[in-house]
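Comments concern the structure below.
We just call them A, B, C and D in the order they show up, numbering each chain from 1.
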């Protein structure tokens, strides 16, 4: 059978990224504590395509994914997958991203009852020749209680669920656990969220948030300060979006390291 | 050319609904006040298909939509569209739904400043022989402030954005404006939401919600009471979902008239 | 501390469903072949609330979920969870739904290469007094190739990805595996989908779909025939939606057992 | 009342972007032909915040939006809004994005019947001091018919709906209509999509796509060639995603001007 993809192309355009998107696959992720975690992941994989080829061979991405799905996925495995993509698809650069739900056990602040909380996380990697970059991302929900509303009102203060989206990069020979990254952000809201709260916990969380009012501007500054102080972190991107309880739109702040 | 759809089918199965989904179209909607409003709508249209036909003629739905897009859409027009669908597609019953964003001008409670607030609404109709039914639906965001959190805490109370999804039906010779339906629900939250609030409004809204704590259970009961008292409303469906500021899941309540 | 939820309510309205939505949790699901599968699930849980109570105790749903997350979930466990919900929340009826991604190994038609394909599935159960009902649901993607386009064109025929959404119910002492339910539907498209296809497979799949043209009307009739013939299935609901490659809207058909 | 936002901040962090997201508003857009079009838009607006301020004044964004909603929105108005945001919020830089559905009348290729097709579009602008940049974006659905599948199969070829996401920038004193931008991309698929096709049109579209097979790689190259040739276009970003009819994942390609 003819290999149409391998045919010559004369349009003189190198394509930066070509591959597959929304491939669903179970992965095994190493956790900080306990055993590994099986997660459901959505994969995006691509390679660069030199100008003289008509197309890439998309089925090879799926073959590589299937080879890796029994293994633990960590930064080091992302790099080896990227290398394999370069080889098998005869490409100069390769790109990979896994989006997945990650579960962490949380303890209620007073009753100490345990429950699982889920976070949207991702691993992202690029390999350009030998130049490897790895990114760790997470969406961390927190409570924000409005400092202005508290200040100007006789009683009460509007508060709401907010989502902090963070992305960091660190050196190849370093390691930051998702558990630690999430904790760095969660502790900077007016309060963390919990799946399970008994009455004594709800009292604690309500009062704690009231004592600790924060704008999205405050959270972004406090998270950025932490990221700057952490010597392992090379670069970061932080975005906070609060689903204002008094509006039908969101308050939003964004910062990227320069 | 052969009409494949009109060919005979021998599987002996009448199909209840067959048609098109996610057809995007601008519509003109009559408003209670002011001029008409041009809205962007997503349409779903279907007819029943008798067992002896292989298929329906999908392009006729789009033709009918195009004929109606210059007209005002109200309950009475929905019925005439449904009748036309029955005729043109030679069907016993027809079904139609338009989902659209509807904008209503809102006044801030103290500063009286005006701004536009959007609501997800829909018109839904069925015509089975001569039996016509019309449904009006809307999603109305409100604030809920937790009565338990207020009661047990020294200060503050968790509150959040909640979404009330309502659907009602009324007689063909009656009429209920979207403006009035939305108002019936909005006034039953701990507080309505507003796009634009200056500082004096924010103080008012914060204190008003604190004075008016409500569980999702309270809102559903209060909305149901109003719907029961309204003689025009034949049947209703109410669903409330609160994006809890202290949890990453939602509190939820549902009620349907019997 | 005061139990606000237990306070007396005078509005005289029994609430049909009140509970939690979008609770994320890992579950262990029994598979037809191999070991059990860990899936990521989204849970919805509710109970009825009698008119004399102000509210339900939402944290108890999360406690029950946490007790069950280490166990295998099957029809029989859904019933025991529903019973526990009735007991712990002192309710007449209870409702439960788990939505999850389920992975099944698929073999390419010619090369026989194996890969994993994911399906959106759900378990749904209600317990009203002693009356238990269980529903099994799945979304199954298939190819549809248009019979009209094939018939009237000199060459080619438009085809597209379509999604069949199915829901069935069977008796408490019967069992239908997700693997078998999905297979019943997948075999009725113009072709199944596969994550991994080498060139010889792509040739097979292309020609197989061309030899097997189907409207959404054909698929719904063929699936309904199968469901009617299956003595285990009590009732069913089938919906097909094809992302037409020549339109920006979808073709859609719907059927429910009477 | 105290202006909490204006209070001094000592964390020494300038915030790059802070503002509002998902504000819904109707806008009036100038069209190439006919009258203006009222569209439903989702707005994102932000400004930079210097390190000595605790917060920004979010309500001012909504006030500005309300002032502009009666006017025509074009590149030049985006700039004046950005300037007003700088002034009213005392900021060095400002950012604005409107996402909206835009309708264009399309003629079926043979029957010449007319219908409306919708496209997701956006206007995006930044003003940094006096440095203004404007971006025009659109999502354009097209058909892709697989060259490999056509080549290796005796008959037929898999085809599917694909989405081209494009973003361009042009000089302040130039203008490119959305109608023209969309046309540049639509003509590079295996076939355009149409809301309304009668049988003779369906035959034409089916055969036209079969005669014109294209990988996502082909479309991205052809679109990039056109953008490079167009002297008005300064920079571009192109992404194509095909909802493969034989897979449950998408083929994907991406290119950005350097």
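The working rule: a residue touches a chain if its C-beta (ideal position, glycine included) is under 8 Å from a C-beta of that chain, and two chains touch if they have at least 3 such contacts.
What you see is a predicted model; the values in this text were computed from it and never measured.
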Numbering shared by both copies at the chain D-chain C contact, with half separating same from different: same
Chain at maximum distance from chain A, centres defined as averaged CA atoms: B
Comparison of A-D and B-D (more C-beta pairs in contact): A-D
Rounded Å distance between chain C and chain D, as computed from the means of their C-alpha atoms: 35
Distance between the centres, which are taken as Cα means, of chain D and chain B, whole angstrom: 28
Centre-to-centre distance between chain D and chain A (centres being mean Cα positions), rounded to whole Å: 25
Two or more partner chains touched - positions in chain C: 1, 23-24, 118, 148, 152, 195, 197, 199, 203, 248-249
List of chain A residues in touch with chain D within their complex: 1-2, 4-5, 9, 11, 13, 15-24, 44, 46, 49, 54-56, 58, 147-148, 151-152, 215-218, 220-222, 224-225, 241, 248-256
Chain B - residues contacting chain D, complex: 1, 3, 23-26, 37-40, 59, 62-63, 66, 69, 101, 103, 113-116, 118, 195-200, 203
Residue numbers on chain B that touch chain A, as the complex places them: 117-118, 141, 143, 145-146, 148-149, 152-161, 191, 193-195, 197, 199, 202-203, 205-207, 209-210, 243-249
